[in-house]
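Sharing a structure, written as structure tokens. Questions coming.
Order as written gives the chain letters A, B, C, D, E and F; numbering starts at 1 within each chain.
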Amino acid sequence: MNDRLPAAASDGIQQDWQLTGIVGQLREARQQWRQIRGRSGEVREFPSRAALRDIIAALCGVLFPLRLGPTDLRESSEDFYVGHTLARTLDALLLQVRLELDYQARLDAVPAHDNALRASRLVQQFAATLPALRRVLDSDVQAAYQGDPAARSVDEVLLCYPGITAIIHHRLAHALYRAGLPLLARIIAEIAHADTGIDIHPGASIGDSFFIDHGTGVVIGETAVIGRHVRLYQAVTLGAKRFPPGEDGVLQKGLPRHPIVEDDVVIYAGATVLGRITIGRGATIGGNVWLTRSVAPGSHITQAGLQHGSG
Amino acid sequence: MNDRLPAAASDGIQQDWQLTGIVGQLREARQQWRQIRGRSGEVREFPSRAALRDIIAALCGVLFPLRLGPTDLRESSEDFYVGHTLARTLDALLLQVRLELDYQARLDAVPAHDNALRASRLVQQFAATLPALRRVLDSDVQAAYQGDPAARSVDEVLLCYPGITAIIHHRLAHALYRAGLPLLARIIAEIAHADTGIDIHPGASIGDSFFIDHGTGVVIGETAVIGRHVRLYQAVTLGAKRFPPGEDGVLQKGLPRHPIVEDDVVIYAGATVLGRITIGRGATIGGNVWLTRSVAPGSHITQAGLQHGSG
Amino acid sequence: MNDRLPAAASDGIQQDWQLTGIVGQLREARQQWRQIRGRSGEVREFPSRAALRDIIAALCGVLFPLRLGPTDLRESSEDFYVGHTLARTLDALLLQVRLELDYQARLDAVPAHDNALRASRLVQQFAATLPALRRVLDSDVQAAYQGDPAARSVDEVLLCYPGITAIIHHRLAHALYRAGLPLLARIIAEIAHADTGIDIHPGASIGDSFFIDHGTGVVIGETAVIGRHVRLYQAVTLGAKRFPPGEDGVLQKGLPRHPIVEDDVVIYAGATVLGRITIGRGATIGGNVWLTRSVAPGSHITQAGLQHGSG
Amino acid sequence: MNDRLPAAASDGIQQDWQLTGIVGQLREARQQWRQIRGRSGEVREFPSRAALRDIIAALCGVLFPLRLGPTDLRESSEDFYVGHTLARTLDALLLQVRLELDYQARLDAVPAHDNALRASRLVQQFAATLPALRRVLDSDVQAAYQGDPAARSVDEVLLCYPGITAIIHHRLAHALYRAGLPLLARIIAEIAHADTGIDIHPGASIGDSFFIDHGTGVVIGETAVIGRHVRLYQAVTLGAKRFPPGEDGVLQKGLPRHPIVEDDVVIYAGATVLGRITIGRGATIGGNVWLTRSVAPGSHITQAGLQHGSG
Amino acid sequence: MNDRLPAAASDGIQQDWQLTGIVGQLREARQQWRQIRGRSGEVREFPSRAALRDIIAALCGVLFPLRLGPTDLRESSEDFYVGHTLARTLDALLLQVRLELDYQARLDAVPAHDNALRASRLVQQFAATLPALRRVLDSDVQAAYQGDPAARSVDEVLLCYPGITAIIHHRLAHALYRAGLPLLARIIAEIAHADTGIDIHPGASIGDSFFIDHGTGVVIGETAVIGRHVRLYQAVTLGAKRFPPGEDGVLQKGLPRHPIVEDDVVIYAGATVLGRITIGRGATIGGNVWLTRSVAPGSHITQAGLQHGSG
Amino acid sequence: MNDRLPAAASDGIQQDWQLTGIVGQLREARQQWRQIRGRSGEVREFPSRAALRDIIAALCGVLFPLRLGPTDLRESSEDFYVGHTLARTLDALLLQVRLELDYQARLDAVPAHDNALRASRLVQQFAATLPALRRVLDSDVQAAYQGDPAARSVDEVLLCYPGITAIIHHRLAHALYRAGLPLLARIIAEIAHADTGIDIHPGASIGDSFFIDHGTGVVIGETAVIGRHVRLYQAVTLGAKRFPPGEDGVLQKGLPRHPIVEDDVVIYAGATVLGRITIGRGATIGGNVWLTRSVAPGSHITQAGLQHGSG
């Protein structure tokens, strides 16, 4: 019922956007781009961010049916819901996996004829990891509950905390990343980034009982390795060290270049940790600390004269 | 019209995800979690983030009908719109309040038989605060308009500024927090956090004419007390001081542990203010300053050798 | 099928929210606000954030049909899609432009009788810039691909990177800003801000081949001028310097007050650059640097004793 | 999550529909049609069936808020709902009225400059008739309740009976028809026809307490005049008599050519009543009767040897 | 993106519908109606046609998952789908049952305190009948397939034939009718009536292997009793005989007044069968026949001099 | 915002539907049905009524863009709309064609390996017929306009008349029927049947300038052949004659068994025409006539003593 009288009509102006010219110029711009890259006859066959958003939401329901599933679910019908949702979601994921495999094949100019079978196997393997993944996420929820004095229940943590949203996405994305599906993994990571302000590269390896509080501005790089029971606060960076100014800044892809954070480490808000250094077990890194060398287990690093803190 | 041929059919692969096993393992994982916590016969009865998002959007329309209400509203029918929307929205809120009260009763193992009546009273009291809340929000809009030289009108401020979005959510969430509904309050706060990158704990007490510019990365803790006419910039933290490294980090819940910011204070981007300290009336805290002790009224604190600034 | 039994009915409580009083008090609050500002007979005639979100999404499809257009598009029907989508989208934009022009006329109390014609011309001019805008965005995509060793293809960059989302929004918003439509421009900028955590004022002038990595917390001010081939990391601020503490902080509107960043500059995460200073061509600014004076071309600025880095 | 792999891709067929030719031929067909009728530069400015469907649904809620309004409405907030819905719906109707007036002006090649004002007045007059229309509909509901021994309550009648749906639509459509808006009226009549199988021309004049049982196949012509307390069953036709075979069949438009049915008449299923005849007060017409001459008050007309009946 | 400039604004007319008066008059009309019936403090608590439409659609999927369930279902996950859908649908039905029971209690002014338990039991009993109901519907599908020479497969019958749509709705509605829920039953019957033009009262008793071809205009009354393997064509009426003209037409409610149709009867298009007569086993009733007396088994009744037929 | 408190919770009843048993019994019912028919490992691969409804709606827009296309279309961008919509719609149709071909192959147990190619060719051929189909539909619209004295314009006819809706669906369905896609054709015919009450078998052959007035209850059989400029009224049957009572009623499939109606024939409401008879050119068949033998050109057939008529 919200239609309005067309502006053109009510103003007595017969609108005509002269589209033929603009459409032609846009076509030229596309053709030029494609010629440079030797592309033609292209198709729009690419994994879909919207589809992956739905898939992740459905997997959240599969993993935590009575908390992230439909509002009116009851324990007596949980298994029906889980099975039905898994069946639909794995089909949907199968298509996305297939689209990435086909896309990789086009990029690498290799044949795609066994991609249907490969996609099917990858999805089956991914599905098999879900029960274990649920257990690890339980440890994360428990860690958040214990790590935040304001948390009243594990339910509140699961439903409210952006750090939990981020780690659920990460653990699902990381499983796809390890399965050779970096694009799906990246899209999922960016969905979490947009929703939480927490930017975890799907390649990062993270142990159980992990907790990020507040979270906005956290960046964790591709080759970071994080142990068990680690806790981070907002605006922490686990990044790569750049070469000294003046040199060519191109890093060789895939080399370990981000920090190793051992078990039971706490890193307070705004701390920047750069390069393939090791934060030893049980160390504490204070707020706003800038760190580019390894730290011994049990150390407490703070800015000169300041105590560390967080909100 | 976007259906596609099922991947399985077109590939000649008869997909079968072997769901029985996975569903069973997921059930075991859930059961183990529930046994540890002594839970059984659970229901999915929990306040809903999606419902609260709709409720807040509707209350925004109730508070500012010609700016945040429906596009085609006119002044002559404002009251009908306000009354109709309130009626529906308070009913919707009543359900969410009831869900939180029932949840609290399950957590505390106390009877829930008077929750229907309690919920009704809480919602009625909440509704009664809306006119006063509108007046305070008017002062916030005015403060934003005066505080940002780029703002062309109060309408632009109300429609565009993430800091205004954050404070509307906060003032509604804070009212629920004070009514004994911390979970609803927290969910609303996290909705604003996700949309704006501004993380204000619903327990924080904030005076009128409050303005946050840019806002991404701001964190304000649960027991913070902020006076009137205060202005913050992006990435400001009003947090809790941690105990010195080496001690047990567990804070006693509910103790005042975040800063008191008196009237007319300005805190520039990236400043970190920690602990139950007081920033005296009219003080200015420069960008990136790290502050863990009280500051006298009228002070101007800056990083050594640097002037404060903001975008 | 998700209807539930009304809470009131099932509890035996006949709910009545006493709305007449609350509606009346809300009306008083509105009237008071309007009297102060001399407003009456108001209409809800204001550009719509939801409409602009749809318009931008459609323009993304127009600019990159096989990447950001509908999933099932093929090269053979691209022009039909582009033309049809442009026709609808320019009509939709026409309405928004008209709403801003009429709003400006109400604010300035000037006649609006030629707004229909002005709006039509502005939209036609905007449409004519789209082909060139596509070419500049191609350079941004290329820059992101070359600037991030983790990027596997230009497609991945276009679909996943928040920095690309931000620059597409900015270039469209900037075109509207220059056309005298600051409100539409601002709303579009805030849409990108909410989605990416990157806050670029639509007035900022940015050369081709621009790239922001990670991006959360970046703030770029209204009068900033950025050259070609510039690269920024997360939490970089290009802001305005404030006058020394104690003076009146009101800046004169429109004066150049944000940095000039020349070609080929790189600014690492967390750096704060304030005031109308110039970062000379090819300079590198290290992480967390605080900078309020100009820097010569080719300089490498770092925090004392620290190397710059990023995630 | 229901995307599928594109058929073309999975089959290895690069689909290309050769659209340019088909699009061109369709354009030629349109041009030929338009040339014959002297039309060019046409616009799609026509009342919308979808919009009118929404408008009628909303007016049903306005007329019977606790039966046809939103599920969760309560008596204490009825007026807010009615006022808010009327405000939106009259605006929506205003647009449709304007579209018909402009369309009439284009057809008749007369100026449309006062259509905005005319439309506004017509809608205001239409709105003023709604309270009286509600009272007449109450009499129809009462008649259905009394006329059907199976009806358990007036509520059941209002919610379930297709005859009631048809008469609500008719009374609204007839008001528009009398206001000089035959196209809007016709579209509304056809909405009811599609939903109920009852085809009442909006020009037909029908007294209060009217009831159609079952209804499928009923046809009532444009100039029919029906008194008070009349009851019809399924497949009754109140039609126009055709001239004898062999003559030219064109009827002069607008001449009275359908039956007059006086008060308290009952017409059973399948009866066909043709021409400008009069069925006298209190008469009963039996099932399947074929009637082309007037009938005295109180008569009982049946097929030879058969009793009348209905389901 | 389909917003338009408000008609009022573009025309320079400040629209004001003078709603207060109309809203008041509508309230008076409602009050008058309610006073006559002694109603006040009413609530909108009534079964919902939209909810029942969804419930029936879901039950169709439960009964025929691979034909009327979701497009991408596979046999290997049928049970999960069936169980999950049943769980949600029975909850939804429970609410509708509760609403009818409460409504009946209000009508009859009896206490409603055990309605929650009664509703639960009724739904459980209804659910238990579904497997048997599926078997009967299988016989209907088989009868349609065998009865129509044009039918190519049982699948086509299930998906295309309005007669099948009608009988599925009827068998579900009849189960609710027998459970003491006549209003839910009636609403479901009218949903089918609107979709197919076939009007079967939910009280009618119909044996297995029932088939209606074409169907538009069929009416079957409340107390009709139909045997096994019966076939009807379009516009057949199984109705009640009216008393002779001149008498009072009120029938005593609930008395058997519609025909008994024994096994293996065929009734061709347009036939009208009225009153509590019996069509004997295996009889054939020709097209357009008007029948008000019983017919012996095996009879063939036709209009004088005409053969019976159908489309 | 319409969530309600779960009935179960508010009533204190812990609902548990005992689904395992019911799900198992439903599985048994399905298995029994499948065993009888030798089916197993079934898939839900069947043309979709919902998809075909969307396809037909889109083709209506393609054929009549300024009348049945989007509200805001203008002549200057018609071709873009037509081309874009055709591209999407033919893709969608391709899938439905493929589903029918695969289904036919499963039914006939023949290989399906060239179905992808066949489907593509069938859709291309179908697309090529659209321009000619538009011209024939123009003649139908013209016929309706001339045939109904109440019609004010061809636009009104196209937008309002159910007879036009029916013939558009029929001409599209007939083209698919002739292409060997009887199931798609049938589904489309039933969509029109549900919307208009007009039941035209897609096999019927109908010449140009065809018009059905009112239409409810019209049935036209599979082998009917209708010439040019034919006009029908409501409840007309063009059906098959049944063999005399007592014989076996099974008709041999595909034999011509429905009437031939030559050019310029008019058949008034309720007439029943049965068997492979011929209604000669220019004949008129009166209302309610029952006709089972051929009629000479120019004849006028009426019921004894009655004139024909219509609403």
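Basically, a residue touches a chain if its C-beta (ideal position, glycine included) is under 8 Å from a C-beta of that chain, and two chains touch if they have at least 3 such contacts.
What you are looking at is a predicted structure, and each value in this text was computed from that prediction instead of being measured.
**Student:** Taking each chain's centre as the mean of its C-alpha atoms, give the chain farthest from subunit C.
**Tutor:** Chain E.
**Student:** Just going by residue numbers, which of A-F, C-F or B-D has an interface where over half the contact pairs are the same as at B-E?
**Tutor:** Of the listed options, the interface copy of B-E is A-F.
**Student:** Quote the value, from 0 to 180 degrees and to the nearest 5, of the angle by which the CA atoms of subunit A must be rotated to coincide with those of subunit D.
**Tutor:** Rounded to the nearest 5 degrees, it is 180.
**Student:** Where the CA atoms of subunit D average out and where those of subunit E average out, how many Å apart are those spots?
**Tutor:** Computed from C-alpha means, the inter-chain centre distance equals 23 Å.
**Student:** Cα centroid separation between subunit A and subunit E, in whole Å?
**Tutor:** Comparing mean C-alpha positions, subunit E is 51 Å from subunit A.
**Student:** Among the residues of subunit F, pick out those that touch two or more other chains and give their numbers.
**Tutor:** As it turns out, subunit F has residues touching two or more other chains at 2-8, 10-11, 15, 17, 19, 23, 41, 43, 48, 70-74, 76-77, 79-80, 82-83, 86-88, 91, 95, 98, 116, 197, 216-217, 235.
**Student:** Which positions of subunit F touch subunit C when the two form their complex?
**Tutor:** 2-7, 10-11, 70, 72-74, 76-77, 79-88, 91
**Student:** Give the list of subunit D residues in touch with subunit C in this complex.
**Tutor:** Contact set of subunit D toward subunit C: 3, 6, 8, 15-17, 19, 23, 71-72, 74, 76-77, 80.
**Student:** Applying the document's contact rule, which stretches of subunit B touch subunit A when the two form their complex?
**Tutor:** Within the complex, subunit B touches subunit A at residues 4, 6-8, 11, 13, 15, 17-20, 22-23, 25-30, 32-33, 37, 40-44, 46-49, 71-72, 103, 107, 182-183, 186-187, 190, 193-194, 197, 199, 201, 216-217, 219-222, 235, 237-242, 244-246, 249-253, 258, 272, 274-275, 290, 292.
**Student:** Which residues of subunit B touch subunit C once you look at their complex with the stated criterion?
**Tutor:** Checking each residue of subunit B against subunit C gives 2, 4, 62-63, 65-67, 69-75, 78-79, 82-83, 86-87, 90-91, 94-95, 98, 116-117, 119-120, 123-124, 127-128, 130-131, 134-135, 138, 149-150, 152-156, 159-162, 195-197, 214, 216-217, 234-235, 266, 268-270, 284, 286-288, 300, 302-303, 306-311.
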